[in-house]
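By letter and in written order, the chains are A, B and C; residue numbering begins at 1 in each of them.
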Amino acid sequence: MASEEERAIEAILMVAEDPIEPGLLAQLLEVSVERVEAMCTALAESYEADDRGFALVRVAGGYRFQSHPDLSPYVERFVLEGQNARMSSAALETLAIVAYKQPVSRAQVSAIRGVNVDGVMRTLQVRGYIEEVARDPGPGQAVLYGTTRMFLEKLGLDTLDDLPPLGDFVPGPDVVEALEQGLRPDA
Amino acid sequence: MASEEERAIEAILMVAEDPIEPGLLAQLLEVSVERVEAMCTALAESYEADDRGFALVRVAGGYRFQSHPDLSPYVERFVLEGQNARMSSAALETLAIVAYKQPVSRAQVSAIRGVNVDGVMRTLQVRGYIEEVARDPGPGQAVLYGTTRMFLEKLGLDTLDDLPPLGDFVPGPDVVEALEQGLRPDA
Amino acid sequence: MAGILDPMAYDVATPVFEGPFDLLLHLITREQVDLYEISISRIIDAYLAELDRMENLDLDVATEFLLIASTLIELKTRRLLPGRDDVDLDEELALWEERDVLLARLLECKTFKDAADVLSRLAAAADRSVPRRTGLEERFLSLTPDLLAGVTPARLKDAFIRAVTPKPPARVLLDHVAPIRISVQDAVEELIDELPRVGVITFRHLTQELVERLEVIVRFLAVLELFKEGLVDLDQDGNFADLTVTWLGDKAVTLESLSVEEYQG
């Protein structure tokens, strides 16, 4: 029978996007780091014993779930067949907004494009084209995004100043409004 | 003992970012969709039986891992960004009309609610719960709206058919009588 | 709770209503506790009070409010005037039809309100779980195709300009909403100019040049405003007789001195 703490570790690691340090788990669960480590080890062993297709591993100073190495061929197929390989125009527009308006929050990009951009932004981030560069100092402390070094390399640019100038182009009033007000927490 | 296919499903879902349709899993594993569904059901049941802190669920037409609702107090502590922002009752009522009446125009929604819904509809669209699905073929070619996959995810539903039937909400005779009474000229 | 008995309590107790149906539903279902005591007069009072509170008279909302108010007021008139031998049958049927339409719209509105409650519960239950969206482990990233292949700086610029160029505004169909050409404030202004000069006039004369039914309603609301302010007296000699409006106030009442100034907008 799994303990409440073990179940909480499973729940947290299941939704975490990066490896979670045992210290943070200890704090969230209000138990000692030693106990967190013992529970994580026990969980990892139970998945192994149950022959699960995933594993709980310690990596980069923290714990995370990942696919079991045995199943790599399936995961590779999923990567190759399950995603479309072209940059969609939605993705390109989103990337362009981040490039020209950085640092910019997801809510601002969303307001400019008039659609939810969470999925697209996540993809761009996983691809290494954009990254978190700061936090908005205002209420909500929205994450602000910018483009990466890799983005510049792929486009053959030296610095952001080498992006083609926009010239006399003036964005519509809704865009200006979105940029000015988009930092407010989502309605 | 878990089968290779079951383990492969676990591995793929572990790296997926959105619910994965059974059809895609069937293709990757070279088994029938029925078999995929049976295996996913078996996996979900085994996590429940093992009292795991996560669950495998069917939502928005696919399968995904998520944290077990029991552990929400821990997960909430961990998830910093308020991604679960509550919707206003205006937003919910508008969403309910779009969900049940789709495809539906803004003017139609507005007529049912008796107020202008432009702002609310825009917010719902930016948050990804509704989208343009068609144009009214009649004069004016009004944009028609419908709900999105994200709407299903937000509500934890597999398909729109899982919405409770609208008939369940038609006011009972007592309410009808009260309204009728309230508007009777010769009372 | 004095709410049920005290019509003024609506002013304190009612939250901000989103629209005329919202308010009407609230008023009627609230009175449901006392089914046989439902009074259209009190509903109308609350309704007018709500109109009064609307600082910036949003045209769409105001139109809906007024259309419903007009139906309510007509219904009230019928209640006040029990003798109905000389009633025009067509008019009577039209009123019933209007009432049924209003009733149907209220029921529809209530239906979706209740559906929204259930959606809210579903969303709350779903919110207790958080989906895994971690994505690929690093070792698989090299397999993913380079999405930026073939994307030039010039294409990026074009994409940006495309993204921030204002989209053509969605057309709002207003066919179903009659345009409102006059506000209550304007109507009050006209009345405090006209009434001191004529002294006594029937409502029929006061509105004879108005074409739109809605304009008549606005006038009627303006007269009610002045009645509330004690500036006019209203008289009706008998069933279906003309409503007589008698000016009681000063010759030189200005709009600013009236509380209706909050109608500005």
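The definition used in the following text is that contacts are C-beta pairs under 8 Å (C-beta built on N, C-alpha and C of every residue); 3 or more make two chains touch, one makes a residue touch a chain.
All figures in this text were calculated on a predicted structure; none of them were measured in a lab.
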item	value
Chain whose average C-alpha position is farthest from chain C's own	A
Per-chain CA centroid nearest to the all-protein CA mean	B
Chain B and chain C, separation of their C-alpha mean positions in angstrom	32
Interchain centroid distance [CA atoms averaged], chain A/chain B, Å	23
Distance between chain centroids, defined by C-alpha means - chain A, chain C (Å)	45
Per-residue overlap in chain A, given as positions that touch at least 2 other chains	14-16, 65-67, 75, 114, 122
Chain C, residues touching no fewer than two other chains	130-137, 140
Contact footprint of chain C on chain A as seen in their complex	14-17, 64-67, 72, 75-76, 79-80, 83, 85-87, 89, 91-97, 99-100, 112-114, 122, 126-129, 151, 154-157, 162-164, 166, 169, 171-175
List of chain C residues in touch with chain A within their complex	130-137, 139-141, 143-149, 151-157, 159-167
Chain C-facing residues of chain B, complex	13-19, 54-55, 57, 64-69, 72, 75, 79, 83-84, 87, 89-90, 92-93, 95-97, 99-100, 105-107, 110-116, 118, 140-143, 153-157, 164, 166, 168-171, 174-187
Chain B residues within the chain A interface of the complex	1-2, 6-12, 14-18, 20, 24, 27-29, 50-54, 65-68, 70-71, 74-75, 77-79, 81-82, 85, 88, 122-123, 125-128, 131, 150
Residues of chain C touching chain B in the complex	18-22, 27-29, 31-32, 35-36, 38, 40, 43, 58, 60-61, 64, 72, 74-76, 78-79, 82, 95, 99, 102-103, 105-120, 122-123, 125-137, 140, 170-174, 176
